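All chains are identified by letter, namely A, B, C, D, E and F, in their written order; residue positions are counted from 1 within each chain.
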């Protein structure tokens, strides 16, 4: 059985992330989408909110072999603890690609037994990033095409608050 | 009549920006160069200084169909309010290009009626960025080849202050 | 009145080309889609077939301010003869971008009065190229999502021949 | 059970290809390395030579869940016939990346049920391509660091012939 | 005699930097590795620690024609003061490349007599950056493959503190 | 004394090549510009014409420490025979960069003692390539801004022939 980890900040999770997750869930026996607890930068959303939103989005998408989790520290350490041999990363653009290659090779250097596998999204999700979603929301833009339904409702509520 | 908006931070406006603006002014009936009021990051220059410097640079360049303005919020909302159907963006490098493609597609997603049009600068303006101008000025470098004459005078004065 | 030229090989014209053309037709008063007669390489389609297919595709798309033409020699010479001041080019990927920047700067060097304007396509047309269409058709693949309806019919007929 | 196809020209197979194959064989239950029979361009090696060399290289690397095959036509058709749901592609450089993204999206367009998964090689294999191997060999360069042992012996023999 | 300057932040110096330095020391008569004193951002290490670590790493690598120094202000001004006509920069990835091209052209604009020369590292050092080293160390990862021996010892000590 | 080789096809030599050569001649004690005799593809110009044109262009530019030569086979073999330890390559665009990185690493693999050094041209030479010069000339375009004076005269004569 192949277990794959899909690590990220998911601040917030977008339709691009969900598309990568769905593809991964069709390829691997089990996938854990794992939210990194980055103590260095202040996130837009709390870990609790992130996990709740992803849980609902995963349920809405009927991804039955997907588990939601969070972790601290090195991604490869977390993967080892979970007995996962695959890390999933989504690729959108060339700038992504180079950063991701460096990350994959760094992780290989830290632990040779763990492979990074890259998936692409549907072309019309290629331009979505958590950062641009947050920026659009902050300025009152409609992001319903960019994030799962429940994430959109959360963002509208937070904007009004 | 085709009205085009050339949005940006212009912190400060460079010869690269002015080259893009001049090209746009030859192609479209009217061009508004519009300074974005970004409440998220502290700019180097005040909005008042930015607008004054651009006004003078536009007058010095004899761009009679160019108007100078500023705006808050989403660029597409501002464009709609002005009845503009075109956004102008300058392209220098590959890293620009990808960010700009994502921005253009995000704006298309927010409003399908507004098109983004990309222009390039003269090759010898390709390496100028507002950030590198500010860095050179801070360290006492001569930027007279990189910015309009009145912007250079302003920067020298500010450096001495 | 601004006249723009959209030059290319169009061997064959794709939905990506048609999307660029439609956007250009909304921005400029008149657009000529101009098929380059490249004597250096043997095209897949004859000039006559190319022009016929584009004519029908333009009519089907109701682009009333678009004219179809062909030309020999330097693009800037053709543009000058037509009194056009704008060249249209579509941008898909980074590799396109660099080639197109070089071409635009070469054309600027040949004639300073003609500007190149870049447009992007819808993200889901980003992966279409005439070359990949021809390759898929040759191997019996279905390209109905990639080319205009009449071009698809033509390709099916040619495949059977 | 997940079956993955690793398609390519392998003209000749390099240490970079073998590294991708080894990684794939650790992730998926079974991997078929499938040599594309491209009728359009004259290859350096015959299909028979390619298959023989890959067979030996796979045996030497002890990749017991890897099968060697060849195919004609569309890759997605071949994958479907084999009941494979995954295509493997190696990524080296940015130029690769864009071409591969276009190919992956083209294949998605031809058959939505088949996913493309990207793997990277060890950094020191990043600069190897079949084309540069052939060029170095032709000029008498030593490529023993770039190709499997048996491929190197074959190339030396062919050079002498 | 050709004197070359290798400027940078070196926060901390990595095996990638040392590889570039070694290559430069073989090409030029004398090389100064010069640590930029950037007053704008708070570095991870003090200037004193940086200089000490580089001194030891240079001695360990037996680079007898290399001098270690630090500087404030514009790199070209420092180069002029030292009578150096060459700046050395390492190239890893495409994103580096574009930033470096802009920097080189900016420096050319500030002083035409100083040339920037680019060197690449061994491929397996291509993925190392000071930033990723610091991040891995912070999370408890082993970076002994990525930095010189004495730098690794320093980082372990600092982590424990 | 450092001897550097600047290898290439130079079919024909452009102002971009001459700019790289001039920069190299200021950095290194002696530079050999060496025309590769590529038996695989039919060049536009004969080796004799290439060498004559470069000789005159080098003399016109007063580059007294530059020698003109030609070679067959592997560049690193030629460099070794000449006791050169440096190869010069010009960098223009990202696509160049990746190809050049692969070539540099291939050459390192063939001979560890020879370093590749990259130089950039003036930004306004960034868009010149031998291929685009030939294409423009073929279509009757004026390339006097793109190639040395004597090369331009040669191209005009050949066009008329």
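The rule is short, and it goes like this: a residue touches a chain if its C-beta (ideal position, glycine included) is under 8 Å from a C-beta of that chain, and two chains touch if they have at least 3 such contacts.
All of these numbers come straight from a predicted model, not from anything done at the bench.
Common partners of subunit A and subunit D, by the touch rule above, are C, E.
In this assembly, the chain whose C-alpha centre lies farthest from subunit C is E. Repeating the A-B interface with over half of its contact pairs identical by residue number, the matching pair from A-D, A-E or B-F is A-E.
One finds 47 Å separating the Cα centroids of subunit A and subunit F.
The distance from the centre of subunit B to the centre of subunit E, each centre being the mean of the chain's C-alpha atoms, comes to 34 Å.
Looking at subunit E, residues 94-95, 98, 101, 105, 122-123, 126-127 sit in touch with two or more other chains. Pairwise chain contacts present here: A-B, A-C, A-D, A-E, B-C, B-E, B-F, C-D, C-F, D-E, D-F, E-F [touch as defined]. Listed in rising order, the residues of subunit C touching subunit D in the complex are 93-95, 126-129, 132, 136, 138-142, 145-146.
Taken together, the subunit A residues at the contact with subunit C in this complex read 94, 122-127.
Subunit C makes touch with subunit B in their complex at residues 2, 23, 26-28, 85-86, 91, 94, 97-98, 101, 104-105, 108, 115-120, 122-123. Of all the residues in subunit D, the ones that touch subunit C in their complex are 40, 73-74, 76-77, 94-95, 98-99, 101-103, 105-106, 109-110.
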